[in-house]
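Next, two complexes with chain A in common: one pairs it with chain B, the other with chain C.
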Partner chain A sequence: MSAVVDFPVKPETRPYLEAVAGSPGEPEWLMQHRRRALARFAELGFPSRHGEAWRYLDLRPLEQAPLRPLAATEVEAARAGGDPASAWPAAGLRLTLLDGRFAPELSRLGEMPATVWFGSMRDAIVRRPDLVGEALEALAADRDQPFAALNAGVFGDGFTLAVPEGVVVEPPIEILHLASGRSTASFHTRSLVTLGAASRVRLVEIYTGEGRYWRNDVVAVRLARGAAIDRVALVEEADAALHLAVFDATLGPDARLSSTALLLAGGTLRHDAVVRCQGEGARCGLYGAYLAAGRQQANFVTTLDHCAPRGETREVFKGVAADRAHGAFQGRITVRPNAQKVDAHMLSRNLLLGAHAAVDTKPELEIFADDVKCSHGATVGDLDATALFYLLSRGIRRADARRMLIDAFLREPVDRVEPASLRDHLLARLSARLAVLEET
Partner chain B sequence: MEFPSLMLEIRNLHARLGDGREILKGIDLAVTAGEVHAIMGPNGSGKSTLAAVLAGREGYEVTAGEVTYLGRDLLALAADERAREGLFLDFQYPVEIPGVNNMYFLRAALNAQRRHRGEPELDAGQFLRAVRAKLKELEIGEDLLQRAVNVGFSGGEKKRNEIFQMAMLEPRLAILDETDSGLDIDALRVVATGVNRQRRSDRAIILITHYQRLLNYVEPDRVHVLLAGRIVESGDKSLALELERGGYAAFGSVG
Partner chain C sequence: MTVSIDTRDTVRALSGAVYKYGFVTEIEADEAPPGLSEATVRFISAKKDEPEWLLEWWLTAFRAWQKMTQPDWAKLKLAPIDYQAASYYSAPKLNPGPKSLDEVDPELLRTYEKLGIPLKEREALAGVAVDAVFDSISVATTFKQQLADLGIIFCSFGEAVREHPDLVRKYLGTVVPQTDNLFAALNSAVFSDGSFAYVPPGVRCPMELSTYFRINAAKTGQFERTLLIADRGSYVSYLEGCTAPQRDENQLHAAVVELVALEDAQIKYSTVQNWYPGDAEGRGGIYNFVTKRGACRGARAKISWTQVETGSAITLKYPSCILEGDHSIGEFYSVAITNNLQQADTGTKMIHIGKDTRSTIVSKGISAGRGQNTYRGLVRVQPRAAGARNHTQCDSLLIGDKCGAHTVPYIEIRNPTARVEHEATTSKISDDQLFYCRQRGLTPEDAVSLIVNGFCKDVLRELPMEFAVEAQKLLAVSLEGSVG
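Right, the complex of A and B next:
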């Protein structure tokens, strides 16, 4: 599928439409999905900064130098070598996606209950189309968000996790996204997690790599009644990398989602969380922190839709922008007319360090129900001068004192992560990143 | 002795706030190693400004005068350098720092000072042993250890934490800024005992206080009365008792 298209095409999308998507012998239903999604991408084009949704990200470098999707045949075998520093050392189960493709030799799929399906997306398409077929098409983001549409059109692989009713998977499952640095290209991964009633999993997504690349990742999560997921994303991409990720979740009645995302390294980073609390009593916690320095751009976008009564949302996002970096938080919580007794709070706190750094924060509430408890707050400020003086007055060097305060500021969203070994890993990565920035 | 006996010498020190208001209007003071000096004065007399200027807090401008500390120009040093040279400020209002563990903070401070002196840093185990010994000596509970710096501490706990930090950092010159304010009698006793244990022939302590109460527990060698930015009277401990009886008005205009 390439070359000849008979729908309206925005010029900047052309390099992607000409790329080879999928792989030979894919089922017809998937080919149809891909064609429809690409048509949508071609029609939408790259987002304009004049629109609200992409106001805070400068994507001109990508328009000027396209990063074409890597074809399956171009992915080389994984090289030997130790785990990258970003990987969680205590991970038991690990699925590695190298340059966007499942790398079995770098994975440990381990022992799972027999009823749990866990493997690559490509494998699931062949062997379990019943699990993935409908969900590959059904994301709202694919209609509205151009890069999600592109992802649906050209994704190469991803992971699939399906947990049946009542099953609890105790050990956290790590998804390790690597970029080898051998290809200047884009990696489009698409993954699906379906959790049956009262099932539970912990997911750890690590994104890291070398070289210049564009990672375009979409993860869809479906939670049935009473299901629960605790999800952590650690983003430490290469300095020249572009990272766009969409985490799309639908919560059934009494389902519970907790997501903690850390954006620590990478040239341009955007993390989108799109959550629909569809069932009554669904609870959602979205937490995040970004640390942007140099000329980095980091952007958290959350879109929360309460469609049912008695839902609960907590959002806490923290950001630090230094040097010439630009950080942004855009959060929207919508409460539909029938979604009474919703309790939703959103907080964005930011440190602006340096005259050339920039922070934007834009929390929004759209409330159509009358019996709800909703609030939002946003702050942008400098380090607390009194606290800084207190540390200095004990002999701690200025650079160390500043680092301690930044670390302390950013760790709050991480402090609730379980298990402790995972939390410690995240905090260690945060400290390591701060130490690197201090030296430059 | 390897240290000069004159520890701190302040000559004609003038300082003003960022808004231009002059607070210190010519302070002269000499403190010798081994001594405890009390500086007493009413609210607004410049007590806390003097402490802040000596510790190197930003927001004050020294417009005249000089301060010599252990033979060096104190005012030329940044706040953290002063601390590493052995100056300690006990805060009137210890600062809460959420997210920074009390022990992590104190170990970083102690090791920064040890590095500066060319001494080996303490590892976690050595540090913890030193901490436990010191807490026991000061009769302070170990519950302060695991919390963030001063977060959720009562007023008394904060002041105990200051004294504990002072004991761990072993300064040459300690300036205690109204350490007695807001303390009940038990906390005051713990703090005063801590201060008395810190008295050494090679260390000087400056107690800044509004009230004579603390001086019942910590006996000063010298007492100074600070009024409207100047030291208007100096004497021995009997001066404090005189103040207690007659108030500051006997020494001139308070405002």
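Right, the complex of A and C next:
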């Protein structure tokens, strides 16, 4: 793509427009889509904190020191080495994306039913454009969210999972996003999951790495009638890393989505869940927890759109901000005019532990239908003094007692995760992070 | 059951859903030519014979206003406002300086009578001192002498500028700066009158101070300015009621209210807003873009806002409390109703700055017809505000399937010892409740009135007596035609 552009360009977007996107052999439809998306990004520019959507995230460091997308030729071959601590040891199937590119030597794609397509996005673009073409072009986030638009313009790789009607993939599939630390750059990955009617999968996404980098990840999920997905995201990025992720899901009739996200480490983290309950009776559970210390920033953003009747939503988000960290939750549930009998609840609970820490929460309801049950709740405060006293009076050291209470507080969103071995892994990661938190 | 009977009577009396206060008083008016420029600002200043410092203040605001843009974050469908089409000054021509009510133009007094604020009657019965603002000039102030004996100053803003310039200069713009937002800047550039009250240290104001606003002449915006100062240890309760006659074009109302409560002082500010909401097709109606803010400047000060918002085509207002003093308290009680095509984006801001500050927010939103009702509230606890407490309760009621009820709370906490809780629910009137009421012989409208009044009870009981009755009637009138 040439650096010469003929559309309005915001100055901060310029370094990214010159990036080499895709590879020379790409199909024309994709190149066109990339160009449109980049034009949109250039027009939108970086989001301002004066706008509502990015109110609670400070992106000035990125504006001052751009992190250019890594070109395909710059990705070095993976070295052999042990799994990172964040990876799930019990994972059967694993697809690894190293510095934003599929790394076959670090992956175990294993045995899948023949009708299931599972592989890298680059592979799918070449071999199965029918699977990815339309879906890649139709992402709503690409129009509204500048970094999703940038992602659509310059993504290098990702994964594709397509499960046909009625197929149940039992073993959880792990996607391991690694950053090698060898290049200071941005990794843009875009992935797609399409589930046929009544199919079911479990997906585990692990984000971890070393060095200074910006990970910009977009995962789109399409669920047909009665399909179900259980998805877990564990984010343990490097301390200097910026992590912006969009999880975009469209639910058909009676489809079911459960997403649990843990933001445990990384410099600046934002997890955006965009869910459209398009079919009648779609059910959605969004759960999450962040643990922010030092100067970390952690943001959960959820946008839930009930377009059809009888939908159900449960959102539970917990947050802990210590030291000088800044945690935020921004949730919105919209119930459209014809979406009667929707039952939606949103809960944001936060612990503020440092004198210089900050917590923001904005649980928003937008209701256009009258026969609905919607509620939201939010709390911000310190640990419960009575509970702390109870533990102290039983001879537990203050530091231990506090850790126990924080651990218990953050567990709730994780408690629903299946299978047990995955849940135990997540809780172990949580405890490990808590131990670090208390020492500092 | 007195409530329901009261409401039922009102509904019956007012059935037909015609805006009761839609009449125009024909009085010769002294108007500024339409449009807004520095010349207009100077014209108003000269007309009102304002001092030089105030003109400078206006001009500063005007220049800031020129650089500002209309806010777009509110959930409102709002066409850009043509500021040049409106006239910014309209003063009824009257004999200079009425000394008592007897000298006030009888035409004006009759207007107020239709509005239900017979000044004389109130003087005698209710013990309310009314500073009636008719369009832009304050025409009569009652009970002035009685208040003056206590050292309380309660007068029109223009008079305050002349008689008490030091007080005005000390406090004007300290709570709502000229550059605060587009509409506050506009107000700061052209406000022609309003109310001013000062309660000296240790004085408990013996009566409810009151202002009624009217927008009368066509195509005139109304830009009053209210400044209320409660000195150390004093108490004052202030009532504000608004009605406007029926007009086809949208009219802009951009007022600014500033409250200052010093150490141990308490201010209770109650509003019943009944501006013309436009007809059933959304034609006409008032744009109510008001900036209201109170500052608790001293320790243990308390500011309490109570509002019942039933009118206006579009409402955009956030009565706020800045809790600077340690142990200061902010309260916000609100009922907002939108029917037909009304839109409201209203709520509050509680800024906790001092230690052990407390705030309570109770908001009840009711949407009917095709109304859109948004609660937008900010609770911010600054790093120094140790031990701050907030509780927010925010309920929405939907009547009909074409309306919308939205809740947008912002909770921004910078101190770990703060405890902040927010709860919100959205529901409709349940069929069970309606059935129960109807079974006992109530008509559907009576049943809805009864249930709505119960829904709003937490807020209505915060209103002073005189207002509570009126507010209940207004709720019933506002919801006419929304059921059955």
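We adopt the following convention: the second predicted complex is superposed on the first by the 440 of 440 C-alpha atoms of A that agree within 3 Å, B and C clash if a C-alpha of one lies under 4 Å from a C-alpha of the other, contacts with A are read in each partner's own complex, and residues count from 1 in each chain.
Definition applied: a contact is a pair of C-beta atoms (placed from the backbone, for glycine too) under 8 Å apart; a residue touches a chain by one contact, two chains touch by 3 or more.
This one's a predicted model, so the numbers in the text were calculated from it and none came from an experiment.
Colleague: Determine, under the contact definition given at the top, whether A:L392 touches first (chain B), second (chain C), both, or neither.
Modeller: In the superposition, A:L392 contacts chain B only.
Colleague: Quick one: name whichever of chain B and chain C touches more residues of chain A.
Modeller: C
Colleague: Between chain B (first) and chain C (second), which, if any, makes contact with A:L427: first, second, both or neither?
Modeller: A:L427 sits against neither chain B nor chain C.
Colleague: Output check: A:A53 vs chain B and chain C. Expected answer is one of first, second, both, neither. What do you get?
Modeller: Neither chain B nor chain C is touched by A:A53.
Colleague: Contact-wise, after the overlay, does A:M404 reach chain B, chain C, both or neither (first, second, both, neither)?
Modeller: In the superposed model, A:M404 contacts chain B only, not chain C.
Colleague: Once the shared chain is lined up, is A:P363 touching chain B (first), chain C (second), both, or neither of them?
Modeller: A:P363: touches chain C, not chain B.
Colleague: Which of the residues in chain C end up touching chain A in this complex?
Modeller: 73, 75, 383, 396, 398-428
Colleague: Which positions of chain A touch chain B when the two form their complex?
Modeller: 384-387, 389-398, 400-401, 404-405, 407-409, 411-412
Colleague: Where on chain A does chain C make contact in their complex?
Modeller: Going through chain A, the ones touching chain C are 52, 337, 340, 350, 352-382.
Colleague: Under the definition above, what is the set of chain B residues touching chain A in their complex?
Modeller: 55-58, 78-80, 83-84, 88-89, 91, 94-100, 105-106, 108-109, 112-113, 116, 148-149, 165, 169
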